[in-house]
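Here it is: the structure, laid out below.
To keep things simple, chains are lettered A, B and C as they appear, and every chain counts its residues starting from 1.
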Amino acid sequence: MIKYDLAVIGGGPAGMAAALRARECGVEKIIVLERAETLGGILEQCIHTGFGLHYFKTELSGPEYAARFIELVEDSDIEVKIDTMVLSISDDNVVTAVNKTDGLLEIDATAVILAMGCRERPRGALNIAGTRCAGVLSAGTAQKYVNIDGYMPGKEVVILGSGDIGLIMARRMTLEGAKVKMVCELMPYSSGLTRNIVQCLDDFDIPLKLSTTVIDIHGKERLEGVTIAKVDDNRRPIPGTEEFVPCDTLMLSVGLIPENELSKNMGIEFDPVTNGPVVDELRETSHPGVFACGNVLHVHDLVDFVTKESQIAGEGAAKYILGGKTDKKYVKTKGINGVRYIVPQKIDLANEGDVELYFRVGDVHKNAKIIVTYNGQEIISRKRPRLAPGEMENVVIKNDMLKNFDENGIIEIQVED
Amino acid sequence: MSYDVAIIGAGVTGAMIARELSRYNIKTALIERCSDMAMGTTKANSAIVHAGFDAVPGTLKAKLNVEGTSIMPELCSVLHVPFKPIGSYVVAFSKDEIEHLEKLKARGEENGVPGLRILNSDELHKEEPNLNEKAVAALFAPTAGIVCPYELTIATVENAVTNGVEFIRNFNVIAIDKNADGNFVLKSEDKTIEAEYVINAAGSFCDQVASLIGDDSITIIPRKGEYMLMDRAVGNKVSHVIFQCPSKMGKGILVTPTVDGNLLIGPSAIDIEEKDDCATTADGLDGVFKTALKSVPSLTTREIITSFAGIRAHSPTDDFIIESSSKDDKFINVAGIESPGLSSAPAIGVYVCNMVIEAMGGAEKNVDFVPGRPAPVRFREMNTEERKALIEKNNAYGRIICRCETITEGEIIDAIHAPAGAIDVDGVKRRTRAGMGRCQGGFCGSKVVEILARELGQELDEITKCGGESKILFGRTK
Amino acid sequence: MVKDIICVACPMGCQISVDMNDNGEILSISGNTCKRGDAYARTECTAPARSLTTTVKVSGGIHPVVPVKSAQAVPKGLIMECAKHIASLEIKAPVKIGDIVCKDILGTGVDIIATNICPEA
């Protein structure tokens, strides 16, 4: 058993930013456990640009964004174990991990930061009928094959799901010489950024088929084609709209799920909407000394926000490590009327700063208002020209406001059209 | 090459026959048209070891089911294949159905099934609290259990190969002739082998294979069954195999835990044209789910991690056909092996082996026969001390490849280099569970491809999902 | 002639109509809600440009390819040609971030630079 002040699970943008901030705040013995061969997480395969506009005020590619943090980690005395998989975290924050060089590692950590990121929803979760041939893969897996391994996963491609990864891969495959036949989207709108629709689809004349889904997969050994169909308002396929599209590859970009197997095994309290832990403003979970940040907490659309959130978690962990456990009195947060969720889900009344609440809406709204209430009383109202499920929003709860709140009070956010 | 016996089809039936024959000093070839064993009917079924009350007394099905089920626990133990004797319930929802349970019980007793008992509503709901409260009674069969059919088949083939059987993959028999010595000559597109005896264990293709020697006596109707596999989180919704009262088309939709801790629901039953049409259908899956809700109303579609379909090799005779062909004494048909085929397979192995040895006028025993295979490493099931010791011995067990199922690189390498080892991604998946978890290979798929390529000395783009044209990659980007 | 474009200067996604004469000169711009939209629409109609990201082949590295980007935007019409040109190149490991992989690609004046490291194998 080795003693550490802080164990960070995951060396992607979340884990690195959290570890670095904790170090800046005076935490001395920190270890970062990363399952891949390098630090950087999923950014290593996101070779497109668009990262860092908020945080670095410049447009970087994924690997460039990651590299800025990797350098800082390498220059610090933060210990890093790559190719290392965490198997479990015990009730008293003992982290058990495994790798080829150290064998089984047991790390007795005062605090733990969960930064495992997320994974893609697989075909099985969609329950698309058809055969189980080769050629059906998630967009992220395809991205790794193309951008890291240098191999083509297909030549004639249909993409299901118009989230940003799906859009980015449509362009990526086209640039590598594949024919991307279409991007199908179940919803009547794309959950991807408009700029990606323009630059990844329109530029290359790739059709975006809204309210359309894949209902059948054909092919004995390798994929030979898919059947697509229009869907009605309840997202059920409309009979008579079926169309066979020949292709050798079906890429799925149908959602991301926080990867919380470790946290679930610890019995941490979960938010059924985010599929991540319930946290307070310091990103501390229901398990004392265990913090969470980045996509393991809730799926982000911009890495810049992951960095910011992870710095909060790093600071929170530092407070816990250096100041010890304190009794917290919480006011809760809740999304209603069009707001799907809010992170953090609770705020300690003793908090000394302003608290930013991050949230997502469930539908597209134009010229809407965001109303924040405390125990039913309006406290903040903000105009928003456009709200979309794909874009995370935030409002700030000022500290002087917080001072007037009581334990078990509730802050609610809603959309007003 | 010339063999004493050629078995066509490496499903669970062919595998069991091969293993039994390997107890003797005879040269046996186990021939498979696909790139791996257990790729047909064996791959996708309910994975149930039935107690044996379904079959009509006096049939081969009745006899071999009860015998097979009684052999299964010991066989699984020596082959290191997980078998869980969890028992089964046939659930009744009405008075009429209770009468049906009584009939099943009487039939089971006639077949020699031990321990059958009818549970009343209180007993039933105490044992299975998630069961539909409208269930009024159940027939309890304590000898029923669950086993992974492909794992059993893989282990059996491994063991047979260790004992001298030759496993020949990618050999699709398209013609069978006789040579001057009176031996059969089996031809594929590019290879031939000779054998004195042929055993036709070709599953849903048994009729086609038999017709290659002019035997048109067999009819196989492929009957599709669709299943849904649910997350481990709901694996304990039921603790027994839950059947509904059977209908003409089969045993109805069942809900059961799997040996790996998931929950399995299915199958549908649709007669189809093509013998290898394993496509699931929206209607079929919808029907499976809705009917399963009758047993366990609290299931939700959110927990489904994958769905699949299998083919039953249904014979209109409604019984197993295990006999020498009327066209040739040395050609033995083992056909119509549908449910309870998996349960019966160990007994079919013994039965067919005895037929062959008798026909040969006896054979010398294989004194080197080992009944079991070494226990495969299962990192996931080990405790800390065992894991430490394992990695110290070989650090390939220190690298986790599949996160969802906690499968190490060492286990994947073992699966590739085992007797009759894995040569493709699905082969690795079936042997190790890598890629079978929640993410369905999203993260580990590319790593498994890399390991296969490295261990087999191939390029990444030569690796397939399951043989043939099922390639995963189309060459380098540049 | 009226050209409809979707502005990508911010997430608003305004529909902008650009009225042009036969010589391609812009007569009027409407539908934008800010000055950035006006500027975007003008460039988009006269000289649309995009940044390009792809990979280039590496020999002797830990990976077979390394990611690259165009240091500035390249003319939109040349994107596919630039990608094809980069696909024909091969560089040697080790590669550092910022290494110039291709100077002045296809005479555009834009350099292609590496965006990740690729150490020697």
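Convention: a contact is a pair of C-beta atoms (placed from the backbone, for glycine too) under 8 Å apart; a residue touches a chain by one contact, two chains touch by 3 or more.
For clarity, every value in this text was computed on a predicted model and none was experimentally measured.
Measuring from the average of all protein CA coordinates, the nearest chain centre is that of A.
Between A-C and A-B, more C-beta contact pairs join the chains of A-B.
With each centre defined as the average position of its C-alpha atoms, the distance from chain B to chain C rounds to 54 Å.
Distance between chain centres (mean CA atoms), chain A to chain C: 27 Å.
As a whole-number value, the distance joining the C-alpha centres of chain A and chain B reads 39 Å.
Touching of two or more other chains is recorded for residues 476-478 of chain B. In chain C, the residues that touch at least two other chains are 55, 57, 64-65, 87. Counting partner chains per residue, chain A has residues 146, 149-150, 176 touching two or more of them. Listing the residues of chain B that touch chain C in their complex gives 476-478.
Those residues of chain C whose C-beta lies close enough to touch chain B in the complex are 55-57, 64-65, 87-88. Partner chain A is touched in their complex by these residues of chain B: 228-229, 276, 278-282, 284-285, 301, 304-308, 384, 387-388, 391-392, 395-396, 398-400, 403-404, 406, 438-443, 445-446, 450, 460-461, 464-478. Taken together, the chain A residues at the contact with chain C in this complex read 44, 47-49, 59-61, 63-64, 67, 146-150, 172, 175-177, 193-195, 197-199, 202-203, 385-386, 388, 391. In the complex of the two chains, the chain C residues touching chain A come out as 6, 8, 11-13, 33, 50-55, 57, 63-65, 67, 69, 76, 79-80, 83, 87, 97, 115-117.
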